[in-house]
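This is the structure I want to talk about, given as structure tokens.
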């Protein structure tokens, strides 16, 4: 357990007072040295986002144990859950919140609560087609878990740009846009040319053939002719929401 | 030399008339057998487009000889010329037409003559940025060489969609659209969602980093969420114009 | 709902007549501004092809709902259906037409009706081997859905070119050729050197090893030495038929 | 020229007053329809960042003309300039500011002015090795051009993490971090685990062999185990600075 | 049905004799033109190898029908069969020969008959590990089907070169070597440096991780420092045996 | 069976003594010629590591037979076993040791025995997340099988560097480090910059999207900015342990 | 120097006769053990093809020294020479034969001597376009160097199949076909479907864009639907000729 | 400046003695916290290898400055130098040692001094062809710079395995083998099957076509069927020598 400033002060006072020997103090300090990186705080305080349980490729028991451990002190989220694991977690933690379509489960937060300001949320998640919905929902649920006001707009693809129309006011007032797209991944370019807000682009593995499981929209988003687009990994709705959290936390 | 129908009729009449022996006729026919694939016509008549001199990686002498040979009977085009070869061809064939920016040279046609119907041409070539101009001009010059009415619209990128506006009437009346784009290659998707005409998409090697010399727009165009887009090779403005020619020739 | 010219004229007359106030008119116009992209028409009228339900990765309920909604006013097609979804859709919409081998289902059209002009159809779909049949049938069914006269010629591979022979008359009169091929994807090159019609090339994921799930024929088709070939995504028989529709619609 | 609300009000009043006919009004409105996307504002006002001249692959004349045109009304930047073009632009625009190492040139701004708050700038650009400096400087110069307070910290690689130490206070107070790295691209992961600020990761083409010209750090950054990292294209220091601008502009 | 030389002679004689008119002769010739490529022979006579049924991705009925049709006149082989299809074919054609491990089935030949000259066969198939056996057996069974004397030597990997020792006499007398290898695919290089015979290299998809399903041995074999190695597709034991057949048929 | 020096001496003495004829001796020597590569020793003596049964893609019977054969004289290990095969091997060889999570089974050794010197083992296996555990355990079990003192440290990722802290003493005294990591694969770079010991890097296929099944950490590890890192194949915990064995065996 | 059977017999007789001690004999045998792989013959006798000087990336002095050394006893060939190195080698070895277009130089053979049997040579090299000529000539020159009768047929592409016609007799009598092709690489498939001879396919790096420097024809050739095609590395005309030599040498 | 244990003891004693106040001590400790990672030692002491100047892509001035700075206290090496930079460094530092063929320059060590124990050096560098020499020499020079006894054996390729023969004694006694190979990269597999020592594999970019600038040998080495091979980046002779240093330093 690292030493916080109060403890250090107390230790030094004890040395000065002769309550403890130099050797004892040195040993205690040795045990606590190099502790700035460890910090006597949690990851959440260091990086604005606490540790999360990545569910893919893990056993149910691994996920359960991590949730139980991390969830003792603050809310905790598990991502990329299989349908079976999701159901079983709901049984194991009846108070937990399961969002199957988003492959998310959490303790201590409500993944499904709509933003009261919607559709004029601070985070607007925009997606082209229903195939992209699981990833978009992962972003939405994570954003809610992180305490952000977020809203999801679907079916806004570049092959039917007029569908953007009714959403332009919401898009213009949002403070962060998360654009989720598969296929050719052109949505962030179009949005980037229209809006002031920073755009977080999430390629999805939707598509077939020369889509190469999301490689095409990933490359397209990285090459966007509209600058000001930050890209995250394919299908990484979670990461997009975390980046949004970090952007907005800075503004507070 | 293959035999055309007239020659076949004449030969058979000679056999019937006893003017030539069966053996002679058989030998003549043997020489001409399998000739449908050869045809007694030229490539141009078979495929609507005559043979063209692909200039990349060839010596000046190879290009010169091909131009001289093919140019004896009808107009002929050379593509992908280096600047040096282009200049020297102009000296060797003073009557030829050189378009340096398009890397084209031809005999018997005018690569630079504007379409009198422009901007309402039957073929509209649309491009996003000035970096794509050499490829777009290759398409334009080839289209002119093939006798098509073609017009080039530049600077219409998806990051500034409003620039499409003044061109919508021309775009709507065009019979074929050639969309030339590098970067993320989203232009054909946007056009494909707006227009009735078939769209020929030409990815260009414009870009850097994860563009991978045109791979990104190539993949994006193949994955366009707007169906009805046919893609040609990276930087292949020539092929796009030939496809336009074949589409329009069918309509005559 | 956007405003069409008649409605605009009517509105202005009402303003001029004092029937409605400037404020009311301004609000109505604001509601209809930017509406050219939205248009007071449907996607079908804008692009010649109506919206289609892409079935891959969707739930049965998502597909059913889209079909029911889109099918209220005009025929509607669903593509890339799993066998199970196909069967269930047939039960849900007894009047619908299911083509299992093509993974297609539609309402309001007959996917299986032979072209009365066959084999001399305006669209000729040519394929090399029986492994390519599902994709070729997707193209055929889509073409029929779009009202095109289409006919399928199978087993015409480049390793047995003589098999092309009996089909040459049909190939020569067709207005669009759709060439479907896996393996090395050479069929479009051979056809492109023989025929006047534009060729739409569809690579398929047939093959193994260094075929890389269709990457090989895709690259081969993009590099065809016969110009005038437009390529669509791997296994995208649907897109090929749409492009054929757009080419032919232009000719009417 | 599109119509703004005042003009629309004025027009309608003229119609109501009978000053102009319905036909005239209708024509004026037709000319201004769909104008929201065009806007009567500039790109800068729409997206927070004005148009920039991308210099790669362009002729000197193309760059010069764009600078002259765009620079008439507000500052303008050119990026990815060759050394030769940079020198000549300095001659053509003696008042312009050239930063050779960053391959930047601009009119109307000072690319070289240090941030008075440095090293505690709002944007901290961190880089591992001297090979990454050109890209890091492109980010720095662009940030200055955009009016951001930015500072560059060099030689902070993951193989010598202790070098981070003296910079931790600056890193902790920065509002946006731009991490520029080639080789294995691990810097954003390390920073992402330590800091609250959003991290913009810029892979560089520094490296050789299996680095594949930046592909390795690009993939590594996309797969960062520290969430909250947004990635831009390889060598895209410009885009990183634009994203920083959009993030910070939101906070104002 | 194309016309053979005897028929042509007969036709011309009839024309010369006035037995048939020129028009009739012309029509008959037109019907038979281009027939060299069709030939009045079978594929087997044209290319030394008859048509084979590629079983992957086909339905049982497709395979059955092809076998029944092709098997009427001469032996026929089906390759890449699933275990289930293999078993059912054995039931449908009780006289057929099934080799499950090789995924082969044939009519009219014995896939399992050992070469009486073994181990000194004209074709020696060499393989490194037991994981490569299915592909090596496909080569062996195909070679037997094609009438070649073939023998399989297993467990000769480059990490234990001494195992080559007892096989050197057989290797030295063989007329064609087929080297089947996964992993790093070095076997053909070692054999190519030791032997006079041409070496046909077959990469297999054995391996994991950076093997990339056979890409590694494929590339290695193409880059063999021992010249005289011809490579076939990954897992293509069939193609290797066909190439051996063509090499040896030439020698007869 | 090759001849060892004692046997050779004995043979020559028999020849000298006339006990055996020259012909007999020559035949015996011929049988043993070229035997240096074969050696009169086993692979284990030649390379420090005996033959191992690679279980992937093999039938249970193949694995069983190899284990039985190789296990007659010394301990033997099987790797990459499916869960089903592992269970059945345990039944077939009740004295064998099965480690399911590591996909290992062995005869004649204990895969699960902790190192008495742990955590200060000569080989320290370090891993970032629980998803990497199967590969890390393959390394640990193999190291134990090879007689090395090995210890596994988990959950040391670059996004939480402070977790390295308590392990630094163990890391500093270890003679070989095996770093197992998926995602962006940055762990070896960080360790390489801190430690004197050689580092064996094992990329894992943990991750999704642009991880490309381990390609990302593989490339990152090859490009490590900390020199002194040797990389093995993706998921190849076995190979890492063998390399550790070879490094340490040299030191004895 | 290894020991041949006669020497072994002699040695053993000396031991039997007491002429030499057992120790001496043992030492002599030790010196000669493992010698089968070394052989007392040359590479040419072992593999039918002598050592060749690969010129790419070597200094003139390295090439000169190798030629001088290898050329002492038999003819020697250098490949992939730069134009400058070729010219200088001609000066250094005035009796040598330089073929600039093929990037070949040799001592002791005539690279330019036409085959007296041409066009009916035993090896027929077929190529599509003039861009492929350097590689085709490398194959031709190497074949001549190896003593094969070889002839080159150019301009036979799949987009103009009728051009094959006049060459069919030569193609049918050839014993080995070398097909050199860039672009989509379809030539070997077409030839493989027409001819009995084994076909050696040489992909070339001719092409641009999605050709990827020869990757496209390489993949296409490996996936040829006509079996019996052996593929060599991109641009490897030399290797193709060596394989032809090995195929034909077997037949003598 | 971090605090070492003596200083800490001294500080605590001063606190205990009342020589300094608690506040002063606390400030001093705060200034020295987190200092284990910084260490009061140099990189060389931490990792066995000091900082090295990577020369590629740097200006002469950057390299010169780094050499001058780092060379003040101990020997320093620069790698991957251009020929021009190498020459100029020799002029700037007349006492430095330049090895042009290895692209190395160093101060304070002799890159060219042969190992007195050669050919029986502790590090044996083995390479196949003269094209691999620059990389092999980089490894050799770096090993010498690091104080290792190293020797280079050339021209040992897998296509002529007998050439290994005379080197087997040296290979068997070496403590580390560095195998440098391009083309198909099979050398480490062959060596790994013969020898006890750990093998460091260095792929080189030697080769052409499907070699893909070293990708082929890189993949082959990672897939070596002989376990116990550690791979470094393409052309990374430097890294291989550093790994050898770390392996051997552990043994001292």
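Read from first to last, the chains carry the letters A, B, C, D, E, F, G and H; within each, the first residue is number 1.
FYI, contacts are C-beta pairs under 8 Å (C-beta built on N, C-alpha and C of every residue); 3 or more make two chains touch, one makes a residue touch a chain.
According to UniProt, the chain labels map to these proteins: A, B, C, D, E, F, G, H = PurE domain-containing protein.
On a predicted model such as this, the values are computed, not experimentally measured, just so you know.
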For this session: Would you kindly count the fewest steps from chain D to chain E, each step being a jump to a chain that touches the current one?
Result: 2
Exercise. Among all the other chains, which ones are in touch with both chain C and chain E?
Worked result: B, G
Problem set entry | Most remote chain, CA-based centroid, reference being chain F | B
Exercise. Per the centroid of Cα atoms for each chain, what is the distance between chain A and chain F, given in Å?
Worked result: 39
Problem set entry | For chain C paired with chain H, centre-to-centre distance based on mean C-alpha positions, whole Å | 59
Exercise. Roughly how many whole angstrom separate the Cα centroids of chain A and chain D?
Worked result: 25
For this session: Mind pulling the residue numbers of chain F that touch at least two other chains?
Result: 34-37, 43, 129, 160-161, 165, 192-194, 209-211, 215, 218, 222-223, 226, 233-234
For this session: For this structure, give each pair of chains that are touching.
Result: A-B, A-C, A-D, A-F, A-H, B-C, B-D, B-E, B-G, C-D, C-E, C-G, D-F, D-H, E-F, E-G, E-H, F-G, F-H, G-H
Seminar exercise, completed: Given the complex, residues on chain G that touch chain C span 128-129, 157-161, 183-186, 189-190, 192-194, 207, 209-212, 215-217, 219-226
Problem set entry | Contacting residues of chain C [partner chain D, same complex] | 5, 8-9, 12-13, 15-16, 18, 21-22, 25-26, 29, 33-37
Seminar exercise, completed: chain H partner, complex, touching residues on chain G are 34-35, 37-39, 43, 54, 56-58, 62, 66, 80, 203, 205, 213-215, 218, 233-236
For this session: State the interface residues of chain F toward chain H in the complex, per the touch definition above.
Result: 36-37, 43, 46-49, 52, 165, 168, 175-176, 192-200, 218, 222-223, 226-234, 238-239, 242-243, 245-247, 249-251
Problem set entry | Touch list for chain G against partner chain B, complex | 129-131, 160-163, 165, 206, 208-211
